[in-house]
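Following are the structures in question.
Two complexes are shown next, each including subunit A; its partner changes from subunit B in the first to subunit C in the second.
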Partner chain A sequence: MTAGASRSRFREDETRRDSDHVSFLRHKRFRWAWAALALSLAAAAGYALIDQDPRPNGGSWYGYTLGTIGLGLILWLSLLGVRKRRINPGAWSLKAWTSAHVYLGLSLVVVGTLHTGFQIGWNVHSLAYVLMLLVIATGVYGVVAYTTLPARLSDNRREMTRAQMLDALTAIDRQLDGAAQPLARGEADLVLAALRQSPFAGGALARLTGRYPACQTARALAGMDTASEAQQRVRALLEKRAAQLAQIRGALRIQAALEVWLFLHITLTIALIAALSAHVISVFYYW
Partner chain B sequence: MTFLIRTIDITASGREIRRERLSEGLGLTVGRAAENDIHLPDLAVEQRHIGITLSKVGTLDIAALGTLGFGLDGRVVTQAAIDPATGGEIALGSARLAVIREGDAIAITISQIAADEGRGDVLRGFALASVLPSKRAMSWTFAGAILLVLLMLPVASHLLRTPARPDPTGRTPGVVLMDSAWSSGELSLKHQSLTENCESCHVAAFESVQDETCLSCHKDIGDHAPMGRLAKGSPALSPGDAIQWKIGQTLGKEGPLGCVACHSEHEGPVRAAAGNAAFCSDCHKDMNLRLTDTAIANAHDFGKGHPEFRPLYYASFGAAKPVRAAPGTKPVERSGLKFPHDVHMNKAGGAARMAVSLKQYGKPLECADCHVLAPDRISFREVKMEDACEGCHSLVSGRITGGGFSKLRHGDLKQLAADLAKVSAAPRPSLAPQRQRPGQLGSTAPSYRADFGRPVRAYIGISNALSAGGVCTECHLPTTGPSGQADLVPVNLPDRFLASGYFNHEAHKKQECSDCHAAGTSKAASDLLMPDLKSCRQCHLGAGATKTAKIVPSDCAMCHAYHLPAGQWQGLGQHKGPAPHYRPAPLAAATAAPARVAKVRN
Partner chain C sequence: MTGIFRVAIIGSGPAGLSAAAHAAALGLAHILLEKTDHLSDTIFKYQKGKHVMATPANLVLRSDIDFEAGKRETILGRWDEQIAARKVNVKLNAEVLKVEGHKGAFRIALRSGEVVDAEAIVLAIGTQGNPNRLRCPGADSPLIQYQLDDPGEYFDEHITVIGSGDAGIENALGLAADPAQRNVVTILNRSADFARAKAANVALLEEAERDGRLIVRRETEPAEVRTRELLLNTRDGQETIRCDRIIARTGSQPPRGFVEAMGVEFSSPEPGSFPKLSPEFETTTPGIHVIGALAGYPLIKHCMNQGYDVIEFLAGNRDLKPADEPLLAEKFAQLPGNRSVAEWLDIFGRNIVVLGDLSVLQLRELMLDSAVHAYQPGEVIFRRNDPGSSMFAIAEGSVAVEVNPNDPSITVGIEQGSIFGEVGLISGRRRGATVRAAEPVVALELPRMAALKLLATSPGAARAVNSIAIERQLLQMFGAGLTRADVAPLVENAELKSVRAGQVVVAEGADDKDIYIIRSGSMIVEKQVGGRPVFLSYLPAGSYFGEMAVIDGSPRTATVKAAIKSEVIRVPGDGFLALLEQNPGLRDKALQQMSARRATNAFIESRKGEFSGAVDLYSQTAQFLVDNGIGEATDVLLIDEKLCIGCDNCERACADSHEGLSRLDREAGRTYAHLHVPTSCRHCEHPHCMADCPPNAIRRGPDGEVFIDETCIGCGNCQRNCPYGVIRMDAKPPKKPSLLQWMLLGKGPGPGEAPYGWRKSEAKKQGLPEAKLAVKCDMCAGIDGGPACVRACPTGAAIRVSPERFLTYTKLAEDTQ
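And now, the complex of A and B:
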């Protein structure tokens, strides 16, 4: 291998290594952030300088221009879901695509708002606008969540994998089952209910808020006497179970916070595309 | 210390086998090697894996003897303590050692678990997706609901409806469902009645609102100019607008001169504003450059760029049509009347004195005694001889037997001749009870006395009345008819002098009439007493002028309307009767709207 080829290879590798460790937000020195900023400023400058009679709205030529840009952007942004399922290298790397997705998505706030001409009402047009804003808001939340929450998730694990958390619970449950044998019917039922309740019981709301009002372990703890040795033993095990559940639920809560935005982001995006279709078709249907 | 070691095995047939043995000592070792106290034949377990010893405080200390840790209550550790009262579970390979005190002994129950049973599935429970409907299902639900309610429902009900005529009264409800969600804003105040009936304007699918539809209600609207002239007179559109209109017109929009190009709807519950000065001056500032043959002078600002008024007047006696005054000239009006305004308006003159003596006036004559404002507040009612003049210029011809007076009829020479003949045919009763002197007719009062001619000259009376010095020629000009008979010049006065704009007299009632109309000094009816531009500009300057106590910034719309340049738009249905005087006759209202549109376009 010649020295030149080696140097070139080195440079290539360095570039790749650098790019591998640069977040999609900082990709290519904020290339897409600058592009989005330029688009927003150009749109705002046009809005301020071009006189629309009698007042700016989506039906002026400038309004149509902004609307077309906005529609094109929305459709392209929604294709990220398609792009990320296609593994292909090159200039259009997924990271570049994601970077552009985030920044151009943000610029839609400006383009979309100027397209409305600040006319908002109870109609399909404003529905599309509001959905767009919600999609952008969930996207912003998603970026923030992906930057901050994984660290918290890691803290919560305390060197246990999720499987180990469940194993620990199973181990406690097996002991509880044995320890509860001497208990009377009423208390045995409490323990049984706690054992039968899945650690994942509780809806999305319980996961997001961390409140489990129907928690059977908590109920069993509240109803468990400490008179006999067996009761004390069960109580101690129930406390262990509650602590283990709290860790699992902590993981559930952080994971829910980490994942919920995508549910909203995707669902609202599809709803937005539907509302956009209704918006565009209705505008020209009742031209 | 006694350890109770209990082994639970499950046979292939599912039967549970329990074996129990006791082990005395301070501790135990657990491992794969046979010499351990508890022997676990599992490759995942080390030869000597853990040691269990009873500490002094009564807990069981568990320590890994090799390098591999062990599971305690699910966690992997290398050293731990178990309180025998609470117990604990040690995991070694697939074996689970449940440690708990039973009586005095410490029981260690060994059981085997099936390794990693469905763990992958269990871990899915951590994902939020396990408690939410799938993204796909939620997306389809929301998108489907939006498309169904906000798109398919209106479109289907629009396509399936029976089209009805537009109803500006708003009594016909719209039949298209959910199309109110399509409205981009409230309708203007005058169109509020159409709010629930979108399809009254949006008639066909994917067709912009057509002029024809507007004209189906606004039948009387005037056209500013023929479409071709408008297009030629308009300045070039901005590149953006030009492209938009080009695309729009290709797709069936009416174009920049269509109704909706100016009358933009859904702009909120406001009154459609009159076009501002810029709207007018866009075309009129330099219209002569585009419409080279136009008779209309350029205008852009009342204070700075407005042509001199060109009032309408009759330039010759008995002319068929009035003409517009040439700019800067002093027109001589040939109305056919003799009427010196100064005589009538002189507060100390004979006319004033006579008015004071008459009950109907009681004071010197005022302008309003003859000139009464018409309901449009712009023009004045026609001055009628019987109402305005006859109080003084009496045509009483005698006393009638039943009481009261007979008088000559005004306005028709044949009737006048007949009345004069009657006067001569019968002996006339005396007009007043006073004693008469020979040759004297009428009362001796200082009031006006008409000379009808002597009774003996009855048959030539008409000739006398019409000739110079006769009763008619006090106000009228004598002439001869086609066959040489005596006649009067017909009276010709336009109803409106300024026909391309309107002047609201009501708004100026704080002013004296003579502030603008120099009637007090006018000695002859041939004076055209219309004020000039300069006198208006004493108060009115262009829209850009600063408002002061004296200066009124005035945009074009203060005096000019777009559709009816000579009159203010009175609203739908209120504009009745013919168009303002001396404008080209409007196209027949009965003509179908499409035909009208076509006609205007050509």
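And now, the complex of A and C:
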């Protein structure tokens, strides 16, 4: 590396080391929010001021312009998935991309709607429009999730990694196994059932809601007497197990909430691109 | 063979083996003494299948036995074979207790009671030392062993582990791991807690104790080892337990005491120093020679070459050129003047003041580790703000230091024989000024490790560097306009003070009147407000404090304590006042800085009234960060958990930017008030990982990053030395199919670090080497755009910051969102 390159990296590094923790929403003082706002205002002003003949329509020259901008934006926005997985080469910042993705994506509501000229019907063109709105709606949920859930995820973690949470559960289970030896058959079976059940059992719905009606640990707790010392000991351990499970399930639930919308967002995007292809081809076919 | 040997070689590591093999080849009467029942114990103790490296690659091997990189078993097997084939006279189980006599007639007493007579001795005992033995009656009992190779080989035994360090705990846990072995395992700890062990190990031990898998006896010591019984001193009196086996893991004794008992002098009392040696490896006790790691050469090839050389010298060959001769010739070839290696060594050794005390042997070694440069007049040697922890010494010519960053024409000269760049070495921080050659210069650049080794081995060099460093630090601190004569009285009365982490240097309310300069490490300033300490500011190395009380005669207004282990220079306040009187410009500058500091403090105090919560949060967050090593960091990854969605894209980007292994663990690490310090390199000012790297493979790069180069031998020392656990040992993974292939065809494991199984099987398929090497963050050196972890964060949660910029009120209390 030459001395000159090294010094420019030094300046770059010093700026970075001086950086604040600014979220993707406030990135560079809302640079992309302003850009999106400007785009929306310009599109709206054009819509209002340009005399479109016979009426505002996707087929007018202004309609084509808006359509092209919208299509370009949609294709570019969908590339975020690739960008995220390919960080080199190039000096990209994924935060800047996310910021642009969010605000320019929102501006599509304006650009797309004006492109329709408010003509909605039962056809592939309107299907594309509705799909676009759905994609944006799921995206808005994503933004809300990204701004509200991380603090809860962090609080729930209490400085433990996921592996440590599972290790803690294993440690409790080992103690439970030993402590349950003096119990009578019925109660021992309850403990065994709790130990045998995978902490992940319950399926997608349980994961998302955090409700595990078939939880054997809860069942064992309900069925455990506290007459003998052994029973008290097992009960205490079961309570510890339930608390540990609650932490693991809490982490799973928040993580699921942070990810589940992406399944819709991405699937709908693929559908949107398919519908858009049909829309564009049919428009040119019937030119 | 009886009678008197020409040479007795003590220790059968690479150095001793090579010496013995060459003695056998020359037909010298010799004996190789090894304390264990096998050759080369250090390598023998490596884990099974460990890949042993052969560096430096360009050094020729000069030995009668072979060595090339390969598996531990292959190397040991070949050595056993060749030692037998060359008819080397080996005596195993021969631990040397004492050496008496003099050159020509040494008497070597062994533990078995035998005595070996030899004319000369070659000590090749390495630096590992002997395990500490139990200090109680019965310490010679056969029940006691000092090592545990395979915990799985003992059944139905009552085993007592003595020692409360990690080794003891790990052994005890290993022995108790499988209940099917039916061992009764007890671990003894002299004190009440396990303070010397890693927290994770202690947690595992306590869990095992709760489960009844093993017995932990605290405040208990062995009193006597009897037959199948152990008498214990406990807090409540004596007690006897059944005991079939004792594993003693109470640390080891460095070999220095043993060597000094023979009259051998070391170069300094520093723990890291080495015996004084002649060019023929002879110590200050005639007839006793030291080679290998104990002589300061930890690499196998060096050791083997020295074994060969020392025997040549003993056999009377005085003209032998060391094996490094061609390397030095190559190094000196770039210098002007066409001089020979001997001439250059003479010039460097004679002209450079700090090298005055070195033997030819040490000088050669230093030269091998260092770089030599020739500069034309006006040429830049280094620039202000370049990272660099090397020290330069001028062999010929002189240099000019640009003391004023705004006006390069103001310079201060440094003359032939002197040094420069020592501030970077000592403080670990960036260069403070640009230095140019003033005339044609031949300079020696000592990398950090070589320079530190020089300071540890040569007390004269250490003294010289120290006084120059204090003088320059004073000059730099007070800025341009001062001369060496101005600060001379301060230098004379300055005192160097080591401060441990957390130690208070200046106490609030006290009325001492001294000024302190932080030479290495860093300090935090805090003040009691409303009965609680409030963090005011962070002071990096190079800053000074304590001037307020000196200038206005008031008591100390705040407490200053060390954030990490530091060194400060204490300068008496009256000398400083006298200097201010003479230099009005300096006085104005000091007053200016003082009022700026006062303003910061007053601001935070005023906030305390209105925004008490915010100040507490700031104060506690700053303390939390300092507790987690940010105080010694230069560039550290932090995660704002109010923004982190846990996607681990930072880890994936890290792996994809660097051969497929992630160098950070996002989840692990501590968190306070949603600010998370993940397991990731802090690029410390004085990196702990560099402390003990045999090939010196860990260095600081041009952007300040601490990185490991390709000469890593995979020994794992850096991993053990890093207090933050950020170094991992792993084999270089095979190349993954491209992102496009994964996205479209589902080929390969996808973005991020491939699972261990995939890497292992794919590496086998492709026949890649499996040697585990040390892997750590290099701050994405050479990658456009900087650290990938930060760039790959979709929400802005990941930031990399430096402590002096981040540990401020604005950053910690006002800008958070």
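We adopt the following convention: the second predicted complex is superposed on the first by the 220 of 287 C-alpha atoms of A that agree within 3 Å, B and C clash if a C-alpha of one lies under 4 Å from a C-alpha of the other, contacts with A are read in each partner's own complex, and residues count from 1 in each chain.
To be clear about the criterion, contacts are C-beta pairs under 8 Å (C-beta built on N, C-alpha and C of every residue); 3 or more make two chains touch, one makes a residue touch a chain.
Just so it is clear, the model here is predicted, and its values are computed rather than measured.
**Q** For A:Gly203, decide between first (touching subunit B), second (touching subunit C), both and neither.
**A** Touch status of A:Gly203: first partner only.
**Q** Please work out whether A:Ala171 is in contact with subunit B alone, subunit C alone, both, or neither, and reply first, second, both or neither.
**A** both
**Q** After the superposition on A, what does A:Arg162 contact: first (subunit B), second (subunit C), both or neither?
**A** Touch partners of A:Arg162: subunit B and subunit C.
**Q** Please name the chain, subunit B or subunit C, that touches the greater number of residues in subunit A.
**A** Touching more residues of subunit A than the other partner does is B.
**Q** Based on the superposed arrangement, let me know which partner A:Tyr47 touches: subunit B (first), subunit C (second), both, or neither?
**A** A:Tyr47: touches no partner chain.
**Q** Of the partners subunit B and subunit C, which touch A:Leu252 in the superposed model: first, second, both, neither?
**A** first
**Q** Should A:Trp261 be classified as contacting the first partner (subunit B), the second (subunit C), both, or neither?
**A** Neither subunit B nor subunit C is touched by A:Trp261.
**Q** A:His125 in the overlay: touching subunit B, subunit C, both, or neither? Say first, second, both or neither.
**A** It touches subunit B, and subunit C stays clear.
**Q** Touch test for A:Ala275: subunit B only (first), subunit C only (second), both, or neither?
**A** A:Ala275: touches subunit B, not subunit C.
**Q** From the superposed pair, tell me which subunit A residues show up as contacts to subunit B and also as contacts to subunit C.
**A** After superposing on chain A, subunit A residues 162-163, 171, 174-175, 178, 255 contact both subunit B and subunit C.
**Q** Subunit A touches which residues of subunit C in the complex?
**A** 207, 210-212, 380, 383, 385-386, 635, 638, 640-647, 649, 652-653, 656-657, 665, 667-671, 674, 676, 702-704, 739, 743, 750-751, 782-788, 790-797, 799-802, 805-806, 811, 815-817
**Q** With touch defined as at the start, can you tell me which subunit A residues reach subunit C in the complex?
**A** My answer: residues 1, 3, 6-7, 9-10, 12-13, 16-24, 26-27, 82, 84-95, 97-98, 146, 149-151, 153-154, 157, 159, 161-163, 171, 174-175, 178, 255, 258.
**Q** Once bound in the complex, which stretches of subunit A touch subunit B?
**A** Checking each residue of subunit A against subunit B gives 50, 53-55, 57-62, 64-65, 119, 121-125, 127, 160, 162-172, 174-175, 178-179, 198-200, 202-204, 207, 229, 232-233, 236-237, 240, 244, 251-252, 255-256, 259-260, 262-263, 266-271, 273-275, 277-278, 281-287.
**Q** With touch defined as at the start, can you tell me which subunit B residues reach subunit A in the complex?
**A** For this pair, the touching residues of subunit B are 71, 73-76, 83, 85-89, 91, 96, 98, 100, 109, 119, 122-123, 125-132, 135, 138-140, 142-144, 146-147, 150-151, 154-155, 158, 179-186, 198, 202, 205-209, 240-241, 243-244, 253, 264, 267, 273.
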